[in-house]
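Shared chain: chain A. Partners: chain B in the first complex, chain C in the second.
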Partner chain A sequence: MKLRTHHPAAPYLFMLPALAVLGVFLIGSAAQVVYYSIGSYNPFTDTYEFVGGANYARLMGDGVFWRALANAFLYLLVTPVLIVLSLVCALIVDSRVKGSPLLRLLFFLPVVTPTIVAAVAWRLLLNEESGLLNVVLTALGLPGANWLTTHPFTLISAMLVTLWKGFGFYMMVFLAALVAVPRELKEAAAIDGAGRMGTFLNVTLPTLRPTIVLVSIISSISALKVFDELFVTVRGVPPEQQTVVPLVYSLAFERNDFGLACAAGLTLFVVILAFSLLNLWITRRAGGRDA
Partner chain B sequence: MNGCPAFAVVCAFVASISLGSCGDAGGGSNADRADAAVTLELWTLSLRPTFTDYIERTIEGFESEHPGVEVVWVDVPFGAVERKLVAAAAAGRAPDVINMSDLMFARFAGARAFAALDGVLPGDAAGRYHAGALDVGRIGGELYALPWYLTTQTMIVNTDLLEAGGLTLETVATDWPGLREQAIDFAEPGERSLFTQPLGQDSQLLMMLLADGLPPFAEDAGGALRADLTRGEVVEFIRGWVEVYRSGALPRAAATNGFEHLIEVYQNERVAVLNTGANFLGRVRGVSQRVYDSSAVLPPITGSLGRAHIAVMSLSVSAQSEHPELASALAWHLTSPEAQLDFCRLATILPSTPASLSDPFFAGATPGELESGDAKVAEARAVVARALPGAVAFTPAMEAWPEMRRVFEDGIKRVLLAPADAPGDLLESQLASIESRWNGLIDAMNTARVATGGRAATMDAIPTPKALPSADRAGAAGPAR
Partner chain C sequence: MLERRPGWWIAAIYATALVVVALAVGPAIWLVLGAFQPAGGDVGDPVSSLVLGVEGDGADRQRATLENFGAAWGGGDLARPLINSVIVTAARTTLGVLLAALAAYPLARMSFAGRRILFLVILATTMIPEQVIVVPMFKIASGLGLFDSLAGAVIPFAVSAFGVFLCMQAFEQVPHELEEAARMDGASTLRIWWNVMLPLSAPTLATLALFSIIGAWSDLLWPLVILQSESNFTLPVKINEMLGLFSTNPRVAYAASVLALLPIIAFFLIMQRWLRPSLFAGAVKG
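After this line comes the complex of A and B, so read on.
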């Protein structure tokens, strides 16, 4: 049977549905964010007035925005902890110790727990007057902390939820990557006298580098645009204790200031983009040196 | 790794997309959806499934009076209505009739989301509704909302906890200064507090100021409305509350958790006294029968004016509605004295129509309630019904008020949560800052009003002792005794 010649437009036709979805829901929406960020928009009267850079000027002069951005960067501290914790868990599960399937299940369970449920449970644990954490600290003779009301404990509380919710997901990413580590390299290292730590540092870790970069970028982006954990766990704290996305939500849906909200969202996009490129550049340079 | 920069760009781009939900998707009008001659869309707040039968029955009554009109009822979760309304309005599909709380209403009224109702209502609103509740819907002289159901407060006391702290129903104070004083000795931090009140989030401080006859506003020499938060008596009033909070006598959550912390601390027997809606008692019974059994109901704690505060749930007609007269008729129908009386029989709420209050239902427990052990809820209902005729919505009728409240709440939270060694008088500096921002908001509001042909806000918008309706006017008919 002779194969029919492909029509030159066929690949593009196959891509068309996906491109249409992307165009409407991704590119179109993003373009609207830009459009609204340079205007004053009232959805109720359907009026739009071009204001140029006025929203950005207001944003740059707003101390609360800068504090929120600083807090977003502070939130990045969760990223290295998340990477180390999930990698350690992946190594434990991958080592096929007794009960590792159960461990895998337990480690992954928080991922499928709704964030709201997790945050409410953590709220109870972190309650300043009757929560388990402060009860334990007091029993140990240590002072309790205002986990839900005082900066920076509020951020730490939200980070705990992020950590608990997130490490199982990244553990699965690392597990998938560990499968790809060539067994012959590990065996060669063992024959050469490398111990378990030596094998890990000289064989496993370099092989995992692309995955670590990937996890680092994804988790950093997630940390910079954190919302759910803060919104539920420490809702009600003064705005300067929040990060940028809760501020964007408040501007748009609690204050109807859509122009300023879009300007803040777009500024966060630029910051995340710059941070991600910097992250890549640093890791690639480090990779090049190692090579 | 060569693909990674592109991947980073895409990741960052996707991150920003979650923020792009304020788009104008265009979309059809309400009429496009109609199979009937006219379709009206009604949004209510968190009434389904408990009140499904009642709402559907009431809607059927309206439809039978208006042949060819179909009402589509959509119940929206309370916490989601603001963003859903924004999204619907941006798509040109705002509902015809919308249920709002008094604070939400003012904010959306300021965005010109609602149609003026004067002239399109089928009857005389002033003669039908509680005057204080009706005033909440009047912004800049125009009526934009009809009051629906109301809640006012009652004092709920856990007698067991009260006695554990050395107080009784006879000795516990029934005013705020007295309670604040007793709270210091009563408190065992982390264990029990005499009372709690939302001070930061959902702050009741401004309402309490107004209820004490201390409006945080004044007129300047030209009669224009100005903020006046740095006046000595206002500062001292707020300082009293800040000090009792910072002494540890109140639950820590009083600064950040708003109304939601009330039920939590009361049902956990950590707070002995609450001043809150009568409907709260039913919720307590659902969670802890023991706490319910040890609860007693007393008249509400009021300020020095002796007037209880009412929270108003209202119905507005969307400015995007293509049938404003029919939509107004629907709102009128839902808020009729008969419909409200039926509603009150199903929930511990109060009607905004004084005529409904004359029903014996508001005088005490019905035989059915006595049989089912609901006498305490009925007692609470009777207490709040007696307070209603003189009750006032201590909510300035200004579209800038929700934003002014938010500015105040942010500032007062900073004071309440400040470390013990905070330098200088943080309260005074924060109040000065809030006052300055309030004046900016008042100026912006007045500029917008004048630009659209309205009139600038004056002290008339503020519920001051001079401006309050008399108890007779507020509620024409009191509950039957």
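After this line comes the complex of A and C, so read on.
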């Protein structure tokens, strides 16, 4: 028998503030997304009318939504680049060359930078007349691009900001995993005459597999629901050239169409959920174990 | 060291590192230079005009100027958003750490009816993307009188499931004997939480605070939605507005961006020893 160690109400009182905030704002909002998505709400008169699946029908018949969704999937291209870049950075820091703590710090600076500041900085580099990128492209005899105004370059521009902001974070995740790679295994491989590449491919990479899966799922989910980078970096670009969350924002707060906005948001949620499950299923099948 | 590494290998590591460092800090340096560039002239190329002095046909090197900062501070009236950002960030972080640590204690250390279901409820909130629920959250917050107030920017995100899980992991490491010893001495549950659990979990709490500060300082979407009057804007919302307002001289927005960047970088450099990779494993899994 365990002694009674605390007042019976204590656990609930401890949890009350956190549960109240999460319950009211997160769970409450999640429930209401469904409610608004099947109704027509007028924010000016504060009236709500049930319309069933009408919003979803409008959404599916709307080319803008499909283009935004397609763009969100295009945005997934950041994931493989992010994985390679952050893994390379983690390996550099983990190699313990002189100055690697400083390198870790510098690689992490973009993560600390507020997204809007990052976007403003990249707008400078991507400026169509005098930004560094176009200047370099022209100097190389290549055509410059309208990075801030023309689809799909606008998407690429926002993706650059996402990459820049993100790789330091995922580097940390990989660093945590690299600590877990057993030294004895690496030594054994080295003794067996495996080269540096052989050791990496046969020892390090398999140990990192679950982390790679994890990073790919997490970064894919955040790519599908991107907002800040697009909203600021390529500001003013019409919603159909952006992704779903900027479209939700524009529908709700520029066109005051709460019903359609919530239907779009909920559809995105289902897509994200399906995508994560699929991702998990494929990697499980391919790997056969772990993950 | 595991093995001797040939010189070319070390050189290759440094060469790669150098490229990534340039990519990591280059854009920020570009922005800082751009903020010192006088109005007029090409936007986007601070180096050739400001540093190298090759702007135009043999034109003089531009002098770095503080006028953008003056315009941003005076005309843009940045003092208010700066204070608002500090208030919102501090409040979100303090509440975030306290509420998470409170909720985590029973989950980590007590047995009570509903423990599992409450844990699952908190876990479920990690599945809900903020971006998807921003519209009804705006309605709920407004209904509670939080529209266009700093409290409105703070309270809906005053705690995160991630924070709760991080604290749970830390509390589970605290030796049971310490808790029991304190109880023998007649300490109340709240007292044990405050005097035993929190101090022994200080590194985790510091890391959680660091994450929270970085996130709250940068947050754009929610403050943009819930704040309406100029006097309540946080820095990111203000800069977003300046990008439209001062579009004839975007350098004013660059100067404001530099002012938003410096405090968080300075803070991060002071706090960076709490940035431990081991906690990132929990961060993404939680």
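We take it that the second predicted complex is superposed on the first by the 264 of 291 C-alpha atoms of A that agree within 3 Å, B and C clash if a C-alpha of one lies under 4 Å from a C-alpha of the other, contacts with A are read in each partner's own complex, and residues count from 1 in each chain.
Throughout what follows, a residue touches a chain if its C-beta (ideal position, glycine included) is under 8 Å from a C-beta of that chain, and two chains touch if they have at least 3 such contacts.
No experiment lies behind these values; they were computed from the predicted model shown.
In the superposed pair of complexes, A:164 makes contact with chain C only, with no contact to chain B. Once the two complexes are laid over each other on the shared chain, residue contacts for A:196 go to chain C alone; chain B is not touched.
Residue contacts after overlaying the shared chain place A:280 against chain B, while chain C stays out of touching range. In the superposed model, A:30 lies in contact with both chain B and chain C. Contacts of A:136 after superposition: neither chain B nor chain C is touched.
By the touch criterion defined above, A:60 reaches neither chain B nor chain C.
More residues of chain A are in touch with C than with the other of chain B and chain C. Of the two partner chains placed by the overlay, only chain C lies in contact with A:7; chain B stays clear of it.
By the touch criterion defined above, A:44 reaches chain B but does not reach chain C.
In the superposition on chain A, contact of A:177 is made with chain C only, not with chain B.
In the superposition on chain A, chain A positions 25-26, 28-30, 32-33, 36, 129-130, 218, 221, 225, 235, 245, 248, 252-253, 258, 261-262, 265-266, 268-269, 272-273 are in contact with chain B in one complex as well as with chain C in the other. Against chain A, the residues of chain B that register as touching in their complex are 1, 4-5, 7-9, 11-24, 82-83, 86, 89-90, 92, 94, 107-108, 110-113, 189-190, 200-201, 251-253, 255-258, 268, 270, 319-320, 403, 406, 410, 413-414, 417, 419. Here chain A touches chain B in the complex through residues 25-26, 28-30, 32-33, 36, 41-46, 128-130, 146, 148-150, 210, 213, 217-218, 221, 224-225, 234-239, 245, 248, 252-256, 258, 261-262, 265-266, 268-269, 272-273, 276-277, 279-280, 284, 287, going by the rule given at the top. Note for the complex: chain C touches chain A at residues 1-3, 9-10, 13-14, 16-17, 20-21, 23-25, 27-28, 30-31, 34, 42-47, 99-100, 102-103, 105-107, 110-112, 115, 118, 121-122, 124-125, 127-129, 131-141, 144, 155-159, 161, 164, 183, 189, 193, 214, 217-218, 220-221, 225, 235-236, 239-240, 243-244, 250, 253-254, 257-258, 260-261, 264-265, 268-269, 272, 275, 277-281, 283-285.
Residues 2, 5-8, 10-12, 14-15, 17-19, 21-30, 32-33, 35-36, 85, 88-89, 92, 95-97, 103, 105-118, 120-127, 129-132, 135, 164, 168-169, 172-173, 175-177, 179, 183, 186-187, 190, 196, 214-215, 218, 221, 225, 227-228, 231-232, 235, 245, 248-249, 252-253, 258, 261-262, 265-266, 268-269, 272-273 of chain A are the ones touching chain C in the complex.
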